[in-house]
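One chain, subunit A, links the two complexes that follow: it is found with subunit B in the first and with subunit C in the second.
Then we have the complex of A and B:
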């Protein structure tokens, strides 16, 4: 992540697949969990997604990202467990807060969906170079500007982490304690926020100058340095994904 | 047709009340190499922006007059039409990367893709530019991992590949080591010989004099005069414009070369005579009345790497104490990493460092802050408060000074660096040179026993360097250990008696500055060169090593 992206350089079958097929995989994988909302089905989809991550040799890299989304997941469980409208079966209580079984079951479904969503995006961003993805989209007719915005969104977290690292160093060198227990770390986090945001805004201005002087707003027909024929299995995967999606929709309608 | 035509150009940044460019008029022939000289704030950078179209297309504000690139009027044409003909390289290498590409090769291709250059042609141009700038081995590296000097070469290659008619460079070598800087000048000169028009703003006056066909002398937004380097640098009033002439010119002046006043003085080494200093004898080094006792840093058998199998520091032994000392070495030699280790921002993998008796592995960076102050190379990495005074008080408060003492110290140091009048401003609204001063004050206010400067001369003009030199000596007189990382050999020679040369993660030399600059072979190996005044004295027959202008008499 140090190099400003989530991308992990590995030789794997998943890395060899073209970015658009992987993007389609994200949509299908997330979509089907909403079309068929049974626990076992969503769990099955999640298992497939994890398998794809394993095939891509990037399974261990997804855990920190899941860790980040844990806060969201916990709040889902609490809120749904407590507030779900269908509150008939009391399951257990946390102190005086009652948790209902229906709510919990729904929360579990949501949690599985979120986990699957995170992992599916993981397949895309961990095994695809961001510039490959954006270039594939631009070739399909997307505006380069939107492409660049997308690229920036993909980079924003890693870049903020890099800026955070530098500012932390600056603060540590002037006597602010960041090493130590949980409380110390939390306390040292707050003064970081303003400078990280301000620095990012400053960087954005410099970045736009860099883009301007490299002809980014040019209206002439763009060319591409790389041909895209080094990807494999694209057609087969797209067909498989389309068939699976159709099958799930059919299942939902007819069964 | 003229390559560049500027007529009565006036410009004011939005929200500013004074003209940064004030009635500029000049023309430039195709293939000319034009140097732009002037102190900080003279308007050099803004002129570069105006020639490349960023003013008025990116930076709005009040704009008057005309700028023509060939027959194309900048004001009425779009940025992309202008960038197809004008390339701009600026001083900060980090912010010139697009961030859209993940290898050096692809980064250079970015501009070409935008302009619609055919693929075969792209490969040809990229390879040629990489060869010219000696970055071929880096082709598959992520720009994010490169050092400042390497990045700057990538930036120049990226712009050159777009084959501009005009190349504008704003202090392009300020972050490069001496040999790296020289290489950039040579590449730019080749381009100029091939018919590319060059406009270069630069503080390295000796280089500007050696390479430029003509010089524009700017001050406070006005064009004071233009002429050949000899005409400009022989002027008697350069002091008024905050410019120091090349060391050769000052030497010629003090050695009374000029017979009659209107004649020009030599401005490059080759114009100086090859005799005259055979009998020079240095004044006997007067013994310091008191040898100030400072804190001591001991580095023993230190090794460090960020990633496995690529050691950046390879078994360093050093003892730092006493007189201020300079650490020099080429880009990527491990200087900044060494400083981070001294500050305990990173911990050694092998060996140890003791700072004033405390092992860095037994403490934290924050605890060490009361002992060592570090002034970062880039003030933007260091500044984070929204008011200058708060920024300067941050450190003192952290290390336990009472609010009153902290405030008093902060005000004293702001006054010392000449920024007292800006204490209530937001640091982000200040210029880079001013922010650098705020960063200096914010560390000095902590009153630490050791002060480390990482590349303090970057972005400073002649006046700024003189002030810095005074400050360093003053700190030593107060009993502080001062360590400076530097690329500016002239500054090293003028200010430091003790020098450490780093190369490839090892200490190549540790001793007197005068001896350091006598090691021809070693300097070449370390990507360094002798100070200009040393080269001059040698040419003129002096067999020893001369370090300061004041030693010429």
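Then we have the complex of A and C:
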């Protein structure tokens, strides 16, 4: 989880789009690849998603994120490619291992979908500040308390990681072994985790008192620090997305 | 102050603040499991713990928010499993409330049930999104073996999830149970919406 999110601060058209439209884009982009499952269509959607990333000037940042999903993609290619139940059309043979077309065709479709899913989420997470997304959701009626919970995770994690380093060192200095046989390693899991857990649960007491003094439970209407909405193109994009979704559904039903 | 049921949607501030802490614990569990090279994920200890402390709704929220945050900061694939995480929190919360964390034996049963339910919820997601695999080497090896022997896809995929989820969830619930039982009472009471004292 590192210290922060994947957000990349840049000035681009995609950064100027409001977070909710981008959220809708993710759902539509992922959804249509499951409604219409032909290779060329999914490839087309992936191309559009990559184009959006390029417009957002964040194309180069998507590759490490795709890298995180490589295990899954390899697994899809190997398992579906070699073991797919439908084995009728022989494609070619490697040594004595027969390779069938159906499996690889299916594996390719799944891989394209996964890539599109990762890239579509990439559009959202690379070009949207989490604060902006949460604020937009609160404006749409999400509870501000849940908004606080979402954002505070990002603040609490680095603190907990800092404490963890100290605790690991402290336990090691008391003779805890983190290397060695399996049993030794299992045994040191609890002494590592328990102090951090205790510490962080203890902190929640202080934090909740601090919040309540500052009116966290107040029932009066919340106001925003930034009243003006600086995002653009929201309406056009939402209409465009709704029309494309409807068109894809119609295509699936009628053609 | 009146007694509240475990389904109450009126969260105390302490219970809400528990959510980010629990998500941090999830992350640290995973981190330590990797550091110690344990063969399990152990990435939902915080979710389990928050369900035991503050009930099914907070547990489910912890699970869902955990995967959303994880999707934003580590891997977008985890958005897909937000439902599974939410259900884990829900099940642990309900069963803990019904007395299934009274002893270590019962906690084992709870772990088993959570593992089977997690696998059941993950299977349709795995089939829909990646044709049935989990991305775990051992599970996928079993999956490949089963579909070569012409067993139905859903069965192979369910077995794939099962061999991965059950041991992991049993270990997770046990660790959560051990930590929960060893927490000082003045901390656990803070989240217990049924008790009338020490509530913030």
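Quick note on the criterion: the second predicted complex is superposed on the first by the 164 of 255 C-alpha atoms of A that agree within 3 Å, B and C clash if a C-alpha of one lies under 4 Å from a C-alpha of the other, contacts with A are read in each partner's own complex, and residues count from 1 in each chain.
Operating definition for what follows: a residue touches a chain if its C-beta (ideal position, glycine included) is under 8 Å from a C-beta of that chain, and two chains touch if they have at least 3 such contacts.
Keep in mind the model is a prediction, meaning the values are calculated, not measured.
**Q** Should A:175 be classified as contacting the first partner (subunit B), the second (subunit C), both, or neither?
**A** first
**Q** Now for A:125: first (subunit B), second (subunit C), both, or neither, which partner does it touch?
**A** After superposing on A, A:125 lies in contact with subunit C but is clear of subunit B.
**Q** Looking at the overlay, what does A:34 touch: subunit B (first), subunit C (second), both, or neither?
**A** The second partner, subunit C, only.
**Q** If we overlay the two complexes on their shared chain A, which of subunit B and subunit C does A:89 touch? Say first, second, both or neither.
**A** Neither subunit B nor subunit C is touched by A:89.
**Q** Touch test for A:157: subunit B only (first), subunit C only (second), both, or neither?
**A** In the superposition, A:157 contacts subunit C only.
**Q** With the two complexes superposed on chain A, say which partner A:194 touches: subunit B (first), subunit C (second), both, or neither.
**A** both
**Q** Based on the superposed arrangement, let me know which partner A:117 touches: subunit B (first), subunit C (second), both, or neither?
**A** second
**Q** Is A:204 in contact with subunit B, with subunit C, with both, or with neither (first, second, both, neither)?
**A** second
**Q** With the touch criterion stated at the top, can you tell me which subunit A residues are shared between the subunit B interface and the subunit C interface?
**A** 2, 4-5, 130, 148, 152, 155, 178, 192, 194, 198, 202-203, 207-209, 211-212, 216-217.
**Q** Mind pulling up the subunit C residues that touch subunit A in the complex?
**A** Listed in rising order, the residues of subunit C that touch subunit A are 11-14, 16-21, 23-25, 27-29, 31-33, 35-38, 42, 45, 49, 53, 61, 65, 68-77, 79, 128-131, 133, 135, 137, 140, 143-144, 147-148, 150, 153, 175, 178-179, 182-183, 187, 190, 200.
**Q** Which bits of subunit B are touching subunit A when the two form their complex?
**A** Interface residues on the subunit B side: 52, 54, 57-58, 78-80, 83-84, 87-88, 90, 92, 95-102, 105-106, 109-119, 122-123, 142, 144-145, 158-159, 162, 340, 343, 345, 364-367, 369-370, 372-374, 376, 380-384, 386, 394-395, 398-399, 428, 442-443, 446.
**Q** Taking the complex as given, what residues does subunit A use to touch subunit B?
**A** The touching residues are 2-5, 7, 129-131, 134, 144, 148, 151-152, 155, 159, 166-167, 169-180, 191-192, 194-195, 198-199, 202-203, 206-227.
**Q** Within their complex, state which residues of subunit A touch subunit C.
**A** Interface residues on subunit A, with respect to subunit C: 1-2, 4-6, 34, 65, 68-69, 71-72, 75-76, 78-80, 82-85, 106-107, 110, 113-114, 117-118, 121-122, 125, 130, 145-146, 148-150, 152-157, 160-161, 164, 178, 185-186, 188-190, 192-194, 196-198, 200-205, 207-209, 211-212, 216-217.
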